[in-house]
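The structure under discussion is supplied below as structure tokens; questions concerning it will follow.
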Amino acid sequence: MIEDGIKQLVQSLNVLYLLAGAVMILAMHAGFAFLEAGTVRVKNQVNALVKIIVDVSVATLAYYFIGYPLAHKVCFVRSATSLMADQGFELVRFFFLLMFAACISAIVSGGVAERMKFKPYITAGFFLAGVVYPIFEALIWGERWSPAFQGFVEHLFGAPIHDFAGSMVVHALGGWIALPAILILGPRMGRYVNGKSKPIPISNIPYLALGSWILILGWFGFNVMSSQSIETISGLVAVNSLMATAGGIIGGTLFGKNDPGFVHNGALAGLVAICAGSDIVNPIAAFVIGFVAAWIFVKAFVWEQEKLKIDDVLGVWPLHGINGIWGGIAAGIFGQKVLGGLGGVSILSQIFGAVLTIIYALVAGYVLYGILDKVMGLRLTEEEEFNGSDLSIHHITAYPEEKFKV
Amino acid sequence: MIEDGIKQLVQSLNVLYLLAGAVMILAMHAGFAFLEAGTVRVKNQVNALVKIIVDVSVATLAYYFIGYPLAHKVCFVRSATSLMADQGFELVRFFFLLMFAACISAIVSGGVAERMKFKPYITAGFFLAGVVYPIFEALIWGERWSPAFQGFVEHLFGAPIHDFAGSMVVHALGGWIALPAILILGPRMGRYVNGKSKPIPISNIPYLALGSWILILGWFGFNVMSSQSIETISGLVAVNSLMATAGGIIGGTLFGKNDPGFVHNGALAGLVAICAGSDIVNPIAAFVIGFVAAWIFVKAFVWEQEKLKIDDVLGVWPLHGINGIWGGIAAGIFGQKVLGGLGGVSILSQIFGAVLTIIYALVAGYVLYGILDKVMGLRLTEEEEFNGSDLSIHHITAYPEEKFKV
Amino acid sequence: MIEDGIKQLVQSLNVLYLLAGAVMILAMHAGFAFLEAGTVRVKNQVNALVKIIVDVSVATLAYYFIGYPLAHKVCFVRSATSLMADQGFELVRFFFLLMFAACISAIVSGGVAERMKFKPYITAGFFLAGVVYPIFEALIWGERWSPAFQGFVEHLFGAPIHDFAGSMVVHALGGWIALPAILILGPRMGRYVNGKSKPIPISNIPYLALGSWILILGWFGFNVMSSQSIETISGLVAVNSLMATAGGIIGGTLFGKNDPGFVHNGALAGLVAICAGSDIVNPIAAFVIGFVAAWIFVKAFVWEQEKLKIDDVLGVWPLHGINGIWGGIAAGIFGQKVLGGLGGVSILSQIFGAVLTIIYALVAGYVLYGILDKVMGLRLTEEEEFNGSDLSIHHITAYPEEKFKV
């Protein structure tokens, strides 16, 4: 009888635990919105804010009816009585995992900002959360193919692919899906003129900082609650997330020469990279992982923008794509016992997972955005882009009163 | 002995649980503040921010000494030793329920913005949290009259009035109290000229979006923690809140033609409407409830502003008032087992509750703001309104450095 | 066996509990950043934001390797396996207490704003979190000298120094360390001309309000989780924090004549003052403590700026320094049973603690900032200060797009 009571209490606590994580990652979407609003020009701030919040809503539908059933073999079209089993734990688990699924499109958003049409962007978000992400999720994490596939990987390389909170499954996937979308769209008008790079100034650093702070704070839900039950909570995950943030900020400051964009995105670079191994690496290694991630971000961002001439507005490919891969591989290195980690990882499995992520993401991204480009057209007209997506899509500016004053 | 230990642990967890809810709803007041600051003109931003934060403080006093004792038969004027019973659970319950009480004046605030004096506004807030709300609360939820009254309703219509998290008790009450206040005040200068509607542009969509996001996030505390004990936490409440938010956002986007105001307020419309039935309806129904709520908000807002010529600045009557009623009735419809709900509700009880809320709110609103108008005068002078409430009341603008630059 | 299970559950919950507190106080640092960004001129907003976030990162290193071992006799340079004992509780405790340590430099930041070099500021932050704060912490709270020292104080004055959440150990310490830094730096150019005070207008009240709101919300983690275990959670602490906030806001409104700066900082004044006694005073006393704190802040701020001619930009000495002392002494007064408190405090011990805090802080502040001034120089050149620290240190303005428009 006492045991039953305890069991039920633990069940309640697990609902609370995953819910706290879900709400914290929902907050991260506000962070994505403000990070982008601060980084784009004033004439595209409204669009940045609207894209993200509508995205989350559309992803909710897609993942409820298609994505979650696909990855986790559970159907939600049934009576509330049946859904309330275990106090609705499965529903809250849906909420929690949905928040990861919805990140994919939010990551893409930052890359395609200021020039993409609203409808194809949202349509892509539906398929990303409903199909593209869940298929990959089902391979690495889910209940469908993961047991067999990870067993196969373990058989080949000695350990399953280790990605605790999604450096690869979420961030690298999103960042590498963004790349074809960015390439298909092409750079913003005036970004590269006669082969010369002409950087477009960002609009609002306080918004960028606000977005970064919200992301940092919510990320503790992203990482810690990835244990998915209160009894497996780990202080190591929390402090590794903190250490990688610190490493990313200090790295961003040093390599970015005090630039506020690199400082605040450095934190995010560190957090992207620590997701995979946050449960197994040493806190000192976590600091190093974050510090290196900031270095990678600064260097890769400049290389992407100036040498490759890819107009990735928020730098989501280096931030999430490359750093997600770095995080996956770093888990294989620093997770080793000899480097102070908990062990149980294989560097080969991690590299295999990294290659798999890149290939799947690139193919999925080219197919999805390629089809949408043919069917709907991805890009605003020149006039719409010149006027800004706020006026062109939302028929309003971010500061409507100002227009009337002039 | 083990049982005692578990009992005490559950007590601690209940304190934590309600505290988490209370802090999340306290955050919602920051959301109200920024939603209003973004929607009013720049010359009234400071006033919006100050009104809400002072409101919460005055409500704290009113509800501690008058409101909570009135609704819950508990007196807090006693020693700390006595207040610490059950680790201060009753105090935290006060904090949690106070946050609901304080919403009433925050809702009114958005309707009467840009033209109301500060003192009568705050005075009204004291009586709303100290008397007007607690009386109604005591009827539906509290320990005082609720058992007898709800028994009577159940006897008449087959079930008590079901309002899990306050679609009617909080939101409709606030929205319908705001209506007489708005009518007594009259429209802002220049809002309707010779019978023609001349919309006044809002100032800052990022602030509006920030306010909306904070409200959305805090709302999970508003709804989930309304179970008031960890052992009754329900994943259904959480996911229904999410689904209604998604429905509201998608509805706001479609019916509001991508307008960021309708998108972000659509989320709030959905959340207002789901409060009542979030514990009993099916997630698919929750989506529908939110979607319809956004449609109601868009249509009723335009009808109110353009046909009825009521200058309700943030549209709090359609948002909280009408949608709160919709939420109460929707709980009676979609809560039925035949529609996938948990059952135990009566549509007649819900309609009765809705009518009761409207009548009580209108009477209370007319009496309260009518008396304050006679005694103190509600409205700023024309000159004060023209200069803006920031300069007139707070002797400063929202961006003081700018004034000095010019 | 059941007992073991419960023990482990409590352990998990303690990790969650302290983690929640840690993340809430981490959020407070975002609050510090926006409070300062709103209070300085536009040309120093970026610097305000960057200072705080880099500070937290540097403090993380300093406290991990030096400060925490110093105060709590634990070394963290060991394997992850060993760190995972008790599910990493010690690591999360480090995270939680680090957030207090990092506050010291964040408090100083507001006083020295708009004219201090970046490197000496960050260097000072390293020593504050690594050495200066931990030594004092070890005396009052830590595991090292506290048992002996507090036993000695109890022997002398009848009770140990009572400072539940750090009115003195954190806030007064930070505020009184800031004073010598401010005096060594001297006032901003143009702040006092020919002995006349020429107030410099602040830039952005919505940012100030946002910062204040974030601080208020996070403060519930600061105070409540200071119990450091779920089983000692106290609803009294939560409601006392709320009452002091309300008292501070109402006091700030009345004594500050509706000024938004005093309203929002009034809340913080109340919260600074309630930290020490939040676990023992009566909620009514908490309101009084907050109300008086707002009065102290308003009067002391004007006195400091206009009579003493100290250019303490955010008023951190009156806000944290003087009000921290007030809070420590107020705990000794209102903690008494005769005034409705829980008892167990000695007014003499509190005064002794207050004097000790002031002396230690002044000495530490003069030595630290004095040495840094000699070695690195604390102050920007006149030209750098005139151009603003954003351009001088970060090579960018807060709104880069605007510069390009002109």
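First chain written, first letter: the chains are A, B and C, and each begins at residue 1.
Rule of thumb we're sticking to: a contact is a pair of C-beta atoms (placed from the backbone, for glycine too) under 8 Å apart; a residue touches a chain by one contact, two chains touch by 3 or more.
In UniProt terms, the chains line up like this: A, B, C = Ammonium transporter.
What you see is a predicted model; the values in this text were computed from it and never measured.
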item: Arrangement of touching chains [line / ring / star / complete / other]; value: complete
item: Same-site or different-site touching of chain A by its copy chain B, using the half cut; value: different
item: Cα-centroid distance, chain A relative to chain B, in whole angstrom; value: 33
item: Multi-chain contact sites of chain B, meaning residues that touch two or more partners; value: 2, 6, 9, 13, 20, 210
item: Residues of chain A defined as touching chain C within the complex; value: 2-3, 6, 9-10, 13, 17, 20, 41-42, 201-206, 209-210, 212-213, 216-217, 220, 224, 230-239, 242-243, 245-247, 249-250, 253, 257-261, 263-264, 267, 280-284, 287, 337, 340-342
item: Chain C contact footprint on chain B (complex, rising order); value: 2, 5-6, 8-9, 12-13, 15-16, 19-20, 22-23, 26-27, 30, 33-34, 37, 45-46, 49-50, 53-54, 56-58, 60-61, 64, 76-81, 83-84, 86-92, 94-95, 118, 207, 210, 393-401, 403-404
